[in-house]
Amino acid sequence: MDPIYQALVDIVGQEHVSNQPEELFIYSYDLGTTEPHRPDYAVTPRSTEEIQEIVKLANREKVPVVPLGGGLSLAGLAVPFRGGIALDLKRMDSILEVNEKARYAVVECGVSQGQLTSYLERNYPHLTHSEPGAPPTATIAGNVAIHGQGDLAQPYGFNSDMVNGLEIVLPTGEVCKFGSCSIGSGWFTQHPLPDVGLFLGWSGTTGIITKVSIRLFPSKKIRGVGQFVVEDEELVPEIMYKLTHTQMTEDIVAFSQAVPPFASGLQHFTINIAADSEKELEFKQEIIWDDTLGEYIRSGAGGFLGFRSGLQRPQVSKTSDWRKGGGFEYVGSIMPVDTYPECYRRGREISERHDIPYTVLGRCVGTAHAMMFSWTYAFNRADPETVRQAREALHETDDLVLELGGTIWKPGLYGQKLVMERLDPNTLNLMKKIKQMLDPNGIMNPGNWEVS
Amino acid sequence: MDIIACIKRVPDTSEADVVKIDPSQKDIEKDRLAFKINDWDEYVLEAAVQLKEKLGGTLTAVTIGPKEWDEVLRRALAMGADSAIRIDQDVSADDPHIVAIILDKVIRRLPYDLVLFGAQSEDFGSGHLGAMVAEILGIPHATLVINLEAEEKKIHVQRELEAGTLQSYTIDLPALLTIHTGINQPRYISMGGIRRAMQKELQVMSLSDLGLSLDALTPMVKLEEMRLPPKGKEAELITGAPEETAGQLAKILKDAGIF
Amino acid sequence: MTLTNFRYGDVIHRCFRCGYCKFPINWMDVNNCPAYARFRMETYSCGGRLWLTRAWLEGEIEWSDHLADILYSCTACKNCEVKCPLSFNIDILNMMIAAKSEMVERGEIPSAAKEFLENIQRQGNPYGTSREKRDEWMEGTGIEAYQGQEYLYYVGCVGSYDTRGQETARLLGKVLQKAGVSFGVLGNDENCDGNEVRNLGEETLFEMLAEDNVAQFQGLGVQKIVTLSPHSYNAMKNDYPGFNGVFDVLHYTQLLQELIRNGGLDVSGGYNAKVTYHDPCFLGRWNEEYDAPRAILRAIPGVQFVEMARNRNGALCCGGGGGNFYLDLLGGSEDSPARRRVREACETGANVLAVACPNCLTMLEDAVKAEGLENKLTVRDISEIVGEACVIK
Amino acid sequence: MSSILVVAEHRNQTLADVSYQVLSKGRQLADQAQMELLAAVAGVDIDAYAKELTRWADRVIIVNNDQLEEPLAEPYQKLIAHLIREIRPGIVLMGHSSFAMDLVPSLSVELGIPLVTDCVDIFWQNGDILVTRSIYNGKANASYSFAQSETILITGRVGEFPVEEGQRQGWIEEIEFAFEEECDYKKFEGYLEVEAAGVDITQAEVLVSVGRGIKEKKNLEIVEELARVLGGVVSCSRPVVDYGWLPSERQVGLSGKTVQPKLYLGLGISGAFQHVVGMKGARMTVAINKDAKAPIFSVANYGIVDDVLKVVPALVNKISELKGRTE
């Protein structure tokens, strides 16, 4: 009997460890184009204590640990490149606290976006969180760990900006807390203690998030989506600028895609608006459509496609079926808003060169401080040629992001390499030191962010 | 490797209260019973098919019984037997000696390296038919085989003895083995497989085809009478819903000082 | 390995594994796929099973006992089909059944599934109990054999053999008698309906059962059928027409609802309890009958009806479908779907959990015991509740 | 009829229990018919066995031959055939062991003499010998008579015939026997003992024993839990080993271990004799089985007719409760 397997069984129980080909197969795969790599064990812990024990074991035995929540990053961030333990955190799924007045929720790392959404709808209908476009199985913790953004990004920024506190199991097994909770003062703020923010953006290479306090925001009674379209991509940055100036939108997304063909080349906007009354809604609509976008409509440059109330959960996974193929991957980037036209044009070129229907999308983050721009490439899982095409297109797009002056969001291995090549040497050196200090045995999600 | 598997059909008597003695007192009442392949013979067929899959050759399934017994041969064909032979004669309650003589005659007509039997049958359970046939055929045998590895000309087997002991032999082919349960995990035979096996040939022979006549086959043992077994002492039954029975039992165990 | 016959070879790769299939109709948790709820490894999610099936088809993994257990842990509850946002969702459950069929054809299925199917071949029921005992449930009820009455009352295997199922079978019989419904039963001549056989991937055996049953029903001149089990109802309503067996099939809740509405059944005896209702998959998601059972409960004086958080097409399966009431691949844990479900029922404050399926009844009643909730929650089949309301002893 | 010959079996320096059992039966039959009871034992260093056997047998035949040291069918077939031809016993009696099963069928064919195996009773009726066999897995009995034959072969079921103290003082006769040729087509390679890798069920005070009634390997968990609260270990019947759910070292019964625990709790075990033979020394036996007619209920002190999967979890709870109260 494999002693590591036995030790894992002793920690989490027989049913929550597997070293059988079926689990190893499933946990070797990312949903995107990353080449699979099998872990040696799949483990589903239920508590911070169990995770600590697992991490200590992993240090003793020098076995990699690859944490994953929903496993939906698509960039290979949870592929066990060096084998070891695939640590599926989704059993850690308790919503621990909702503080209504201070507007935050403390959740375990396996709580999914959908679970929190539904919980708030049922119990705190006037509160909501910033829900990313990922499927509802994506976890809150996974999302903040990669600096995700959701449907409240326009007023409030990145989801990682909404973190009020974290509980982390360090790569050496100790538990640390960050934020006000670390001094026993509740989970209401991350500030203003000395900054030790070492865990976001590191793709799980510096520790395992076990609890997150995430900010909640007012959920108005009526939330809906207005749709607007322009023909000229050059207009998108100024429209975003003007819309954010109104301070009346919850989410602004511009996108363009090859399907359906009649809409190809057009730039669509979805603009989320929320109001507590018809009066407020009407007022906001008037300011947005008449006062702000009216000039484009009147000049014929743009068109209002209507407003429907109610937020539909975006079903991004439908993109996976574009090539009847079960797969897509995208390059995400954080870009200045004024690069939108170039991002669109160059992205479309890359897609067309690789024979993939193009899909590009820019979501406004903050008051047009930046946008998350993504280029999505669908492929057919059953046709390796299309997977290869998509992979090439993704790499070209990573190059493009840096060429256009942006940063790559949750880069995969290729993108990480590009970023590290350009990193300020002193920053890189500091990262090295941090990594060595936190993870002396190099067990945490090795392969990713290998600064040393 | 050419294999012959001798199999039989038995009534399903897994529930004790379905067994009733026929007024003749020479048989049990069978008309309302369901029938099945003998448990041990499932392992026989699985072992045979696995050998065939590994070493090639032919597999012939043989049974002796009336028309309904085709059912077990269809299973064998569905599992991968190449041909099947039924000797159309009801000998299920006869002296195994007679059955052995008939089987000897069938097997001699066929090419074979290995003859397989179940270690025993679920109905009469004498467990001696296989070794009898081996003696008549004049080939070596091993009974109660729980592990089996075959080569071109010989086989390595382990017999299961008492108290967890195994006995190893290497035996030259041709040979006869009786197969014990647990030697493999018999696969499920799908109805689709059985339907498809209807296309395969199933040969029916009579005793006279084999140059035998029942009159000439005199039994050496005679069934005198069948009875239900005498009632032994019965356990004190604890009745009720699981919660209640569990509660009473827990108390009994506690009172007995078990915990 | 070559599974060239696999019917969904050109579509199975299209599952992205986004995980929508794990949720109920809202997003309240990821535990609405019973197998995933039980094991919480990705392999046990619908997407996991589809990916594994494909990997098996492509020769990337070998058949194993574990793989068979993973596939057979699917209860065919149809939650995935209802939740999957993609266009091929109508076939994802069929893909799973087709994968089981491949295993059946190769003979490599979990031992309990093998036993289940062989028992049905032999004795016409999954328990392997003698066919001669199929009618034991009706002893002393005065229920008649079917001979041209208006309805054939088809009891099914669980109602005929399971002790608890037998009680509901008897009570429903008495309720129908009390309402003056003209009906008869098949007794020992009744055979398995085959619904679970189909879900276990034994297509030919299902065909044989369906053909035999259709021939028998037609031979007896049956036109209307009322079933105790939603599983029988599903097979007879949706599958038997494919075998030229077109009957007017009702689940008993549909018939009782009608009888109560038209005054044929007096339920004024009432039933004083706070009742919640568990939708059986084969009545709910499979046949979209959500209202009849609720209408019955609401019509009974004294019933205070409350919904569980997950209900109708978002209901959590009891874990007994796909033969799992017998195979029991999902049992043995507090994460077992039945135990999750009774905890959820308890959260409503109800003291009676009403069911409309003998499989759900046995699964959930066992779960109540396992959870130690006997003092808080009682599981009752709607036939029993109606029986009490129309004062049948 | 002249005599009854019992062929004794030994291995690992021990005479088989079943040999004593059939010897006792043989003595009884011989006394009833005033026949001579012979016993035969072969091998090397067998004087002690021979002396043992004289307590029952009127005459003990010993054959010193190293080819007969192990109980192997082929050499013994030659020896017994020789003895039968020489001695012409009316009845040859052996225990129904794996050794006899490999041996007597071919012997009966070789000599053309009748054979009935695995008898649960052997008795005289009107001067003829009759036997009873248990058929349909213990659900019926059948009695048989024999056609006219100088010698008949009978094997008796293990554990079926009580050993009665031998009162005789028979004499020992050594017979010379040599093999003409060695058997080269069937080569004995040795024994393989199943090693107890940790759990020794024969030492346990409490055995929670499972049969196929637990349906799935997974259900062993709850059974393990029950064993834990009872402070016992889990054992099983043969099908559970056949299915690969537990290693064979856990098997109770004829081909497994013989156990004598304080409590034997049989879960979903029907109680075929091959199993019962290994556990009937238990001081207290409790059986839980769905089939009310399962034979295990006739060896158990207490019985519950129900699905084990329903009773066991409840039992775990109840026992834990009772334990909690006392602790």
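Here are a few things to note about the model shown:
In order of appearance the chains are A, B, C and D, and numbering begins at 1 in each one.
Here is the rule we use: a contact is a pair of C-beta atoms (placed from the backbone, for glycine too) under 8 Å apart; a residue touches a chain by one contact, two chains touch by 3 or more.
None of the values given here were measured: they were computed from a predicted structure.
Among the remaining chains, those touching chain C and also chain D are B. Looking at B-C alongside B-D, one finds more C-beta pairs in contact between the chains of B-D.
For the pair chain B and chain C, the distance between C-alpha centroids works out to 37 Å. Chain A and chain B have CA centres that are 62 Å apart.
Centroids of chain B and chain D (each the mean of its C-alpha atoms) stand 21 Å apart. Remark: chain A and chain C have CA centroids separated by 40 Å (rounded to whole angstrom). Residue positions 111, 369 of chain C each touch two or more of the other chains. Within chain B, residues 14-15, 185, 242-243 each touch two or more of the remaining chains.
Of all possible chain pairs, the ones that touch are A-C, B-C, B-D, C-D.
Residues of chain D that touch chain B in their complex: 74, 97-99, 101-106, 108-110, 113-118, 130, 133-147, 149, 158, 184-194, 206, 229-231, 238-239, 241-244, 248-249, 251, 254-258, 262-263, 270, 284-287, 291-295, 297-307, 310-311, 314-315, 317-319, 321-323. Remark: chain D residues 215-216, 218-219, 221-222, 243, 309-310, 313-314, 317 touch chain C in the complex. Taken in their complex, chain C has these residues touching chain B: 104-109, 111, 113-114, 117-118, 121-123, 128-132, 202-205, 207-208, 369, 374.
By the touch rule above, chain C contacts chain D in their complex via residues 110-112, 115, 326-329, 331-332, 366, 369-370, 372. Contacts from chain A toward chain C in the complex involve residues 15-16, 18, 20-23, 25-27, 29, 31, 42, 44, 70-72, 88, 90-91, 93, 112-115, 117-119, 121-122, 135-137, 313, 315-318, 320-321, 324-328, 380-382.
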